[in-house]
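Residue numbering begins at 1 within each chain, and the chains themselves are lettered A, B, C, D, E, F, G and H in the order written.
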């Protein structure tokens, strides 16, 4: 059976340092990905091409990161019926509020699954949650991750419980 | 083969009039759903129960709607590895900005797929987009819907193109 | 000599009642226009087509109105080198702030000339100001309008100066 | 008679540096406390457990600090009838506005006593004000603190009154 | 043993319709209260007097409601060591955001326990939660209320679960 | 001795219904005024003329009301050394936030004394407070008004103190 | 004739570095001042005392600076009929928005003349503009200042006009 | 035939470092410009003069940059029928939101073509797009620039596509 595959696009190469967290999570979870730069505004044809061919090329989820008037996730969503996850980037003078609203407030008919500002790792996890309805091995990875998050928290507990208690 | 199934929860019965748009879209698309009220704050045990059992009871996507300090989608997401779609409701004095931030800005490890304010129909569509990676018939419905949206737009075109042109 | 010509696009037919103010101003000023509905998300191919052919079809300015995650002006701007004027619409729960940011905060290389929320008449005037650098008759119309605005203000003055002065 | 006792929880160990101001004030005031990390999202069972047992284990006030989509105070409040004080943390791209709204705008029936952004010392003082209705010694400490704040202000006065007056 | 007693102040008599929800909850819970109008700005001496004498007159919690530049809760808090609960009112052009910030963001040393916008009933509940650390009968009332909230939710569940399921 | 005199300008005649509250207060206080419409943008020469001649024509304070991109108070302030009071009007899609920032955030050297949104009566009072440093009779009026505000509050007190106390 | 005199109060000594710009301008303009720290919350009696005695002690304008839930200007205004100028300080997590709203949005009857965030020099200028209606020498100073601002601008002009013009 | 010519004005010389990006783009595109400092508030006569004479001196577009209560673009627009492009600057405590609203929300009759915060290069491009309706050589430059932006994006693509793919 083919491995699950995710398409990760970003509007600018300055987003890479943040967006790679999504790619790294997919890698940990054994999910393939193609990652590329494709600005909705500076390279619109390439962007449309990616969206239109995504399903037939075997992608099952698209992750798109963009800042400011962040149109990339919405433009992709208008050309595909695959789920599109949008990551609003915090760059620019408004701390990412512009990107949140440009991605979140899509019109009726064309949703984008928006995650928090700069939340690339969460975008990777959400992609895996989506894949987990079809790929048993991804579900198992996610449950392992959830357990290890809990464990990590528990380990910090001892130090904090003793702190300032003399 | 079993039909796909979605769990729809809302924080208050006053949300029903908006949230039913999600249910109606699922129905059009031939997707089963269970819809219930389960407040994260007023009925926390029931909420946790729903999240924990969702996967084993055959749900593949969860849609959760809540307003103000909207914790319902996040609380559900903390107890499951299924994808959770959050709908921020516009009720209250702040027009839904409080709900957007309470749902969107989840911590690392626990994403919620947030849609626009009151965007219940889009939540239903997003749920179907997720299901479409597994269920061929859902994909076909989505593509039909996309075509009919385009057609509807085209039909309005003639009237507007003639308007004020005497 | 050919008459100047403006392309007016809107994302939804519910915008018409506001957007027609732009068309009416153009008409007063003797400028031709084509007005149509063309959603960036619901009808993306048509939108791209309009932008790509605008210049060769003789349009010299594009006016685009959209609300919420308002991508229409930006998508048009990415496919043309004509000046694009964006009108953020006030519809939705956030009073148009989402539309302002989605239109205004365009990335380097692809500007949109943004006017105020619902400011369709101002969009029409701005289009004429742009045309006025080339068409003497448009400049004359604009100066007439500016004078009549001043006169209208002066006429209201007498009433207000007497008010509460007994 | 048993000493008064406060439970202090935080969503992340990165909050400790701020939250310890609450603990330090309690210590100055002779109030016992248990401080721990317990994320509403990453460790939900532990969080619920803390809330449910808080009263029977002798806690009389709960202080909970969290950032972004800050659900910790609200989740605790949904499982106890003890007063819960929420501290919105300023971490993340939005400077704490997200945390304020996620904590403050609780639904009818489940209040959280919200203090200012990062205002951990004020949370400690508020906890003591609550305890002061029962514990005479805490009331006395608070009044001493209020007097010393006034005195501190008075001492700065002389320097400022002379400043720039040559 | 004396009954617990709460002081409820509001900045304007137009707040009464909202603020009475706090009084009504206290009444249900068997808690006495004095309710009065006392603007921090229009009647400052009376306001200070109330705060200074509150503890000696047997009040154990103060609830203060105000809108816009809402100073009442903070002014009271500066003259007492009793816990002060602030209710930001939604009146005015900004929907209560001004009141939230004017109440919440108190300086170090003088906290106000802020509840949600117009959340008078929650202010009454929070007052009772505070009193519950001292008055067993108030704690019992609160737990009864929590159970009845849950029951009310459960009763709505049946209707919603059947809705749209034909 | 000449009576004190205030200049009241507004950007649009739709502001009159709000702005007249300033004029009415001045009238009660025995202060003369000239009230007129003079838009900073639609009638700039008239506006500049008013500002430049205000002092020599015997005005001692200027009140200016405007909405949206509210430039009127600032433009007046740039042409006079008289104190200019700015009233941000709530008209338009943003509830007056745009007007507040356009009036308040003036550059170094050119202050505007900003009052609250739509706060025309307060603008009238502030004008009188300014005049009161020179005109004894205005000071006396202001003190009378302050006393009557207090009295009005006291009269409401009895009704509220009895409310819900059966 | 006595020199004009201004009272400058600030809520915290950390405000001094900003607030001294007001004092320095007054000094340049030959206006006397008393500057002191007097927190509305930490030292309320002293604050009230200052406001009540300000006029009889010969002050003609009050300048008050405070941050966050900035009550100082409003508390002073409630105890005097002198004009009170409020300076919102930018300290804290919200960049001064909280201080702006806490100072600007005063209730009917008690205005505060608000200047921009951290705009202490503008507060000094506004105080002088107020004094200028009574003190001829202050008016002359202000006009000199206005001329020198213009001159300073003109001198920068030459450099900028040549810039990038080779 | 005369070369096209643009007038660039800024409110403060501290804006130069940002604004010069507009000038540089014009230079690349072979467009002449005059750049100067001319504050709407500190040098109002000079500002009005520039606006009134701009068209007769051969300017065809005006670019104006200002921060905070940014009146410069609007003041210029009120005195000319040329298109005015406004650049909101990010300086000050509010990150440029004040400047955006002061420039964007112009009243009916007097539009300003607003670009994003600090978006000086985009202002230069927009000026050229306007000029391109008249000057063939400017249109050619713009199309060249659009192609080179696309090419630049494509070159980054290879690196990103290989990243993390071992």
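Heads up, the rule we're going with is that a residue touches a chain if its C-beta (ideal position, glycine included) is under 8 Å from a C-beta of that chain, and two chains touch if they have at least 3 such contacts.
None of these values were measured; they are calculated from a predicted model.
In terms of C-beta pairs in contact, the better-connected of the chain pairs C-H and D-G is C-H.
Taking the mean of the C-alpha atoms as each chain's centre, chain C and chain G sit 42 Å apart. In whole angstrom, the spacing between the mean C-alpha positions of chain E and chain G is 35. Within chain H, residues 39, 42, 68-69, 92, 94-95, 97, 104-106, 109-110, 116-117, 149 each touch two or more of the remaining chains. The set of touching chain pairs reads A-B, A-C, A-D, A-H, B-C, B-D, B-E, C-F, C-H, D-E, D-G, E-F, E-G, F-G, F-H, G-H, using the touch definition from the header.
Within the complex formed with chain A, the chain H residues making contact are 90, 95-97, 116-118, 149-150, 152-154, 156-157, 159-161, 163-165.
The part of chain E that touches chain F in the complex is made up of residues 10, 13, 16, 20, 23-24, 27, 34-39, 42-43, 46, 68-69, 92-95.
Contact residues of chain G toward chain F in the complex are 55, 60-61, 81-85, 100, 104-106, 108-117, 119, 121-123, 125-126, 129-134, 139, 142-143, 145-146, 149. Residues of chain D touching chain B in their complex: 11-12, 39-42, 44, 48, 68-69, 71, 74-75, 77-79, 92, 94, 97-98, 101-107, 109-110.
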